[in-house]
Amino acid sequence: MSNEVFSIQLAVRDYECDIQGIVNNAVYQNYLEHARHEFLKQAGVDFAEYAKKGIHLVVVRAELDYKSPLKSGDTFIVDLKLERESKVRFAFYQNVLRIADNRVMVKGKIIGTALNQRGRPEIPAALNRIIEDR
Amino acid sequence: MSNEVFSIQLAVRDYECDIQGIVNNAVYQNYLEHARHEFLKQAGVDFAEYAKKGIHLVVVRAELDYKSPLKSGDTFIVDLKLERESKVRFAFYQNVLRIADNRVMVKGKIIGTALNQRGRPEIPAALNRIIEDR
Amino acid sequence: MSNEVFSIQLAVRDYECDIQGIVNNAVYQNYLEHARHEFLKQAGVDFAEYAKKGIHLVVVRAELDYKSPLKSGDTFIVDLKLERESKVRFAFYQNVLRIADNRVMVKGKIIGTALNQRGRPEIPAALNRIIEDR
Amino acid sequence: MSNEVFSIQLAVRDYECDIQGIVNNAVYQNYLEHARHEFLKQAGVDFAEYAKKGIHLVVVRAELDYKSPLKSGDTFIVDLKLERESKVRFAFYQNVLRIADNRVMVKGKIIGTALNQRGRPEIPAALNRIIEDR
């Protein structure tokens, strides 16, 4: 049943664009992260609250395919699908889609884990439930 | 002879760190880009000048392995090796190394191309020479 | 008639927060700029289009009062009022208001001008009309 | 004796530049903050360590005069002078100077305070000593 898709809608902010007049490469990681955190929060896993408790959600690998650049004035969707990658790893499959033509601008696979208070990989029960539910 | 390594030295800035007290994932892409642009500039290929002329150096794929996080106060090296990937693509193999213990914190493979004034992939002669020289 | 207020609604993104767990000071300038650009665009003055034509809207002075910090999870309003400051200067009076309690978190006065293709201060007619209308 | 000046040297990174090809306004606040934190750290007051202990150094007001913009390729100095502003407030007078011609690009006055573990303004003894020494 891993086929539910979560998404948020955003607009390009001019300061996110660089000398070439397009959104800078690094900024897409910001967009993808924001979508992941919003998804996790609505599912009951709050990144900031976890950090305070000493549980750290961390990215271990990111793969990003840049298809076409967003520009000033564009609005876009960031979606995600969450899949289990291994016992202690999970993967977010994400797209950045331009709303004007539904075109995929960037595709990402972001692999994460969680570190417990002792710094060891251990996915919290609440997060495991989210992964299983999908 | 593709074995020459270019590197720059930087220090973590506190605003680059996030709620977890570590450098945010997206910021490493900033570090990697800055090293690439410095390398290209000293080799005679200026990103900003090219952009003005309508030649756009663009990233088509980024792979990042996050091994261990940089923190406030850390100094680090960003290095790179440039390799030809195909006729119109080149790859930067990059490391972020913490100076205190020479530990690899992040590894990246960044694949790029160049778009000419008509938006078609075409590597400028000056850049081709840099790729061949290495 | 300078009393119309324009506003946009935004949400804090976790990467905008720093080690203290609060939105970093510099980020509020991003929020304020984004509101100004959205305002100008809906009034027919597009920052990016102007830049392409060689007309640069620039900030000459910024005054920011930080009253209370935004945190992860907060949603907020950024508003603005535009006033003429002098023949070639205009001022945006802006607030960042937390939606939960309508509290003013940051107040800003941002003074700007426009530089024409020769780099001289000159407010384009379209922008002058917006200033007069308010 | 408040006339000692601390400074750091930095280089513009291309991702800090915006559509106009110049360093974005908000980025100067990053530069100014980095200089302040480096100054405080070498004087024994570590922003990140203080945050962990629950002592928060915060900016209450920022005034920035933008004289001329930094561009891709520029190197620059960020300096600062620290002055007492009141019993619980201190002010950093800062300049961003382009190295090529020693021109002042941005001037800033940044007023700060410190919040103790109960969230009340109280300047730690170590910081008071730094202010008095200057």
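Per-chain numbering from 1; labels A, B, C and D assigned in written order.
The criterion applied here is as follows: a contact is a pair of C-beta atoms (placed from the backbone, for glycine too) under 8 Å apart; a residue touches a chain by one contact, two chains touch by 3 or more.
Keep in mind the model is a prediction, meaning the values are calculated, not measured.
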Once you count every C-beta pair in contact for both, which comes out on top, B-D or B-C?
B-D
Per mean C-alpha coordinates, the chain lying farthest from chain B is C
In whole angstrom, how far does the Cα centroid of chain A sit from the Cα centroid of chain B?
22
Using mean CA coordinates as chain centres, what's the chain B-chain C distance in Å?
33
Starting from the mean Cα coordinates of chain B and chain D, work out the distance between those two points in Å.
28
Chain C: which residues touch two or more other chains?
14-15, 17, 19, 21, 24, 26, 30, 33, 47-48, 51, 72
Touch list for chain C against partner chain D, complex
19-20, 24-27, 29-30, 33, 47-48, 51, 56, 58-66, 69
What part of chain D is in contact with chain A in the complex they form?
14-15, 17-19, 21, 24, 26, 72
In their complex, what parts of chain C are in touch with chain A?
13-15, 17, 21, 30, 33-34, 37, 41, 46-48, 51-52, 71-73
